[in-house]
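Below is one structure; the comments refer to it alone.
Chain naming follows the written order as A, B, C and D, and within any one chain the residues start at number 1.
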Amino acid sequence: MQRILNNPDNIVDEMLEGFVKCHSDIVKLVKTNDDNPRGVVAAKEAPIAGKVGIVSGGGSGHKPAFVGYVGRNMCDAVAVGEIFSSPTATAFLDAFRAANGGKGVACLYGNYSGDNMNVKMAIKMAKREGIEVKTVVANDDVCSAPKDQREKRRGVAGEIFMWKCGAAKAAKGGNLDEVIEAAQKAIDSTRSVGIGLTPCTLPAVGHPNFEIKEGTMEVGIGHHGEPGVEVCPIENAENMAKRMVDLVVNDYPFTSGDEVAVLVSGLGATPVMELYVLYNEIEKLLVAQGIKVYRSYVGNYFTSLEMMGATLSVMKLDDELKELLDMEAYSMGFKQQL
Amino acid sequence: MSSIKNQNGRGILLSMVHAIQENKQYLGDVDGLIGDGDHGMNMNKGFTLYEQQLGENETTLSDGLFDLGTVLMNKIGGSMGPIYGTIFMEMSDASQDADEITLPLFAKMMEAALEGLYGIIDARPGDKTLVDTLYPAVQSLKASAESGRDFVQALEDMAAAAEKGKDSTKDMVAKYGRSSRLGERSRGVLDAGATSCCVILKAMADGMIQQLKN
Amino acid sequence: MQRILNNPDNIVDEMLEGFVKCHSDIVKLVKTNDDNPRGVVAAKEAPIAGKVGIVSGGGSGHKPAFVGYVGRNMCDAVAVGEIFSSPTATAFLDAFRAANGGKGVACLYGNYSGDNMNVKMAIKMAKREGIEVKTVVANDDVCSAPKDQREKRRGVAGEIFMWKCGAAKAAKGGNLDEVIEAAQKAIDSTRSVGIGLTPCTLPAVGHPNFEIKEGTMEVGIGHHGEPGVEVCPIENAENMAKRMVDLVVNDYPFTSGDEVAVLVSGLGATPVMELYVLYNEIEKLLVAQGIKVYRSYVGNYFTSLEMMGATLSVMKLDDELKELLDMEAYSMGFKQQL
Amino acid sequence: MSSIKNQNGRGILLSMVHAIQENKQYLGDVDGLIGDGDHGMNMNKGFTLYEQQLGENETTLSDGLFDLGTVLMNKIGGSMGPIYGTIFMEMSDASQDADEITLPLFAKMMEAALEGLYGIIDARPGDKTLVDTLYPAVQSLKASAESGRDFVQALEDMAAAAEKGKDSTKDMVAKYGRSSRLGERSRGVLDAGATSCCVILKAMADGMIQQLKN
């Protein structure tokens, strides 16, 4: 294993220590009790009195997600789990506390059984403390369940649009219901798909978690290597783009005249120049269908350790989502100026 | 004896802790075949943290199950934290006010555990998860309680049902959790969660039988 | 090869097409003549009349370098070469033209023979057009030549500090000599070292460019896989950090009481969480020597396709460099707000 | 004849172009052993672009070398662009005003090429680069010019010297360029640049000899 590690059991805590030191202008580590000795990552100014708090959380190994999306006009606090493993309920509770500015908390997270369970429990605990929490559960990954079972689909890189829009709504003074509505609209308007090219290795395990044969690609792969809908011979960027755009566009009424936001994220080890080659093809295909790219994001936005491959997320925009997307933001993983 | 004093919980809980510790490697190996190999590590971490917290103290079975559940929930995260956390906390809730744990009460505790679990997961018998161990164990206990069977015998039957249920996962195809990635290829190997659940139930039965025979 | 490609011969041009579409709020592609059909990447507002132009350039495959450092208060234009291959002299000339706001151009680039030759020729051509160009040649890589032959050393990730400080000086109204002086001071105050863990594969070639045996690491590796000073068994993060800090600190009088900027860059495929683990160790070692980290940067800032490993760059600060480093900047690869 | 008309450049330049095209694969293979395998591709790209630019036109040798040098410099970048660009542009400069290319003039052209090259690279004979081909070729030409040798014979000697120089790189250790990474392991294999330089010089000599024999 050619990796940079001390004891793999401590990797998450050590990463957090380094992260918080490095980004002390944006975030802080909040430790409120011994039940969650790790603490949670909160925005420097959090909690902001009178603002709806934005919380997320999930397993580690997806950098910049989740800690990289804590910051100004982004998430107020996130709970941090072990690699590929949901944070505990207490960790989510601590994140609610750290984000709570008295107007309630919007917990915007991805649809994984561990996260669902732990968030549900944390909400019960928060209620006892008088913190009101409402949730939006991201399910943008089109290949993770059929269209008529959208509630079963996983959340992937589209979560970034959900955070961005929900957080912008909160920053603009929206109340909890308005924030939830905006975040829900963002994720309901978003469809994602991933193509995996190589597997990844959890440091504590030491060998690849699953297999993708050289010369093949896995269409519809999940962020932890969850199986896709098809394993086929590897294709060129143009054909990969075609598959991805077809899967995404056909799952939702994206039609000529629509304006969209596009996010192409690497899974970790694919050179970023290749992501731009892929984006170039995707953009051409969208434009050919009369769909206009209003904003685009290309880079390693939501990764799976050192997997190779990429995800595409497309969000259909209306005036409200455009305004929310356009807002300034300043976090480690997402910085946007006017 | 036909019941256990709730206040004598320590021995039963330590029996469960030690069984997990002894099977750490084995559970890891089972998970390694079609999962990511960390199940023994995860479970051992949680149970050992509880052991440290308990220290030299006595505990009622109800409080001990509650504390163990809390530690799992607070410290191991993932799915196993809430899954085993829920199981133990539901058992605790169902027995909290009792001085004596009788067979009918124990059957109710286990039923509550299964119901609580169904409240947070979608897997059901046949999906190659720990439900395949827990469900037949609960059914066996319920039947024993209804037919007024001897408590020790009922526990032995429960352990056998758990074992059989665990073994049945070998021929199943995983639908939830990490191994579901393998589809048909997950057949032929035990499920890690079903295995740890069997280890725990057998150790609990052992600990209880010891009390009943005292 | 598990990569996202069309014809590998076109990867650079396709990447550029995607890059410029994606970042049209920051950059533009400037095509001025048929001798350089690729064009150069220039800041949206370039050339800025009355401001010294900042130019760089180099081979591709180092994303975000070099195109990712074009933007507000960063480079005005960069020349883009094939993968791991210097841009042509004409490309550099075009970059000079695109950046020239009438006050001369500072060409801040890395010490590689191809770049040296092509820049030299471009300067001759620029002179004929009345564009004054002065250069700073980065040589921050301590392992690429002994201390008494610093002029032979290669430029690596420390170039980012050179661009940042030179560009800030220009943005503050410095004249050409002042800009050159600031950029030279920045790179003279910077020392870098890399550790390589895996090789990389050029898409047009199809197999790894060199070998790093599993279980070993190459200390002092260059950005194209140039050999380091030692191949040894792979170590834990703490010991890697110790080696890196020792090599860097001992090469230059970094001493107790100094304030420094630290940049830990991944080489491409190392998970970013591991870079924070490494940074955490580096920071502890510096602090233990009484050296204070004034600002730090962790991420994939200067990569080598999908190599695994990391580089450390440390710049010793004085009041001027602090002020230059602190300035706002907005490019794809480097965004900083106050 | 003892000199070549500068205006008859086309044949000589096409001889060089075709030699590179024919050796594209071979040069790639040589570079693949200790480099990255792209040398044939790089050179072929530059020379073929020049061929297209020339089209059906006639050219003087001086202008042709200048145009070829410019294409290499403008289109292939890296080190080879400026290296071969410089070589051909220096040869062009040194012959620009001449109607006839005599042996002494050609020797001067080649000397200018070597000196121009030395102005931009640090490698010298023995460093396993194209200098090991170019240097002995220049030395041979100078000696022939000084001793008033026949032009054709001088060109044949130059080609032989280039060949011998190229072969000598086999036993050398690379100090510049990509192969220097391998250190001692670079021994035993030809240098790619030395090989392409030999191909070019021999093709140039062939083209010139054809003119001289006309």
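What to note about this one:
In this text, a contact is a pair of C-beta atoms (placed from the backbone, for glycine too) under 8 Å apart; a residue touches a chain by one contact, two chains touch by 3 or more.
Every value quoted in this text rests on a predicted model; they were computed, and no experiment measured them.
Under the touch definition stated at the top, chain A and chain C share no contacting partner at all. The greatest centre-to-centre gap from chain A, using C-alpha centroids, is found for D. Rounded to whole angstrom, the centroid-to-centroid distance between chain A and chain D, based on C-alpha atoms, equals 56 Å.
Averaged C-alpha coordinates give centres for chain A and chain B that are 34 Å from one another.
Counting partner chains per residue, chain D has no residue touching two or more of them.
Looking at chain C, one finds that none of its residues touch two or more other chains.
Viewed as a network of touching protein chains, the structure reduces to a simple linear path. You'll find the chains touch as A-B, A-C, C-D.
In the complex of the two chains, the chain C residues touching chain A come out as 2-6, 11-12, 14-19, 21-22, 60-61, 63-64, 197-198, 212, 214, 217, 234, 236-238, 240, 268-281, 283, 293, 296-298, 300, 303, 305-306, 308-310, 330, 335, 337. Across the complex, chain D meets chain C through its residues 32, 36-38, 41, 73-79, 81-83, 85-86, 120-122, 176-178, 180-183. Listing the residues of chain C that touch chain D in their complex gives 35-36, 59, 81-82, 84-91, 113-114, 116-118, 120-121, 202, 204-205, 209-210, 224-227.
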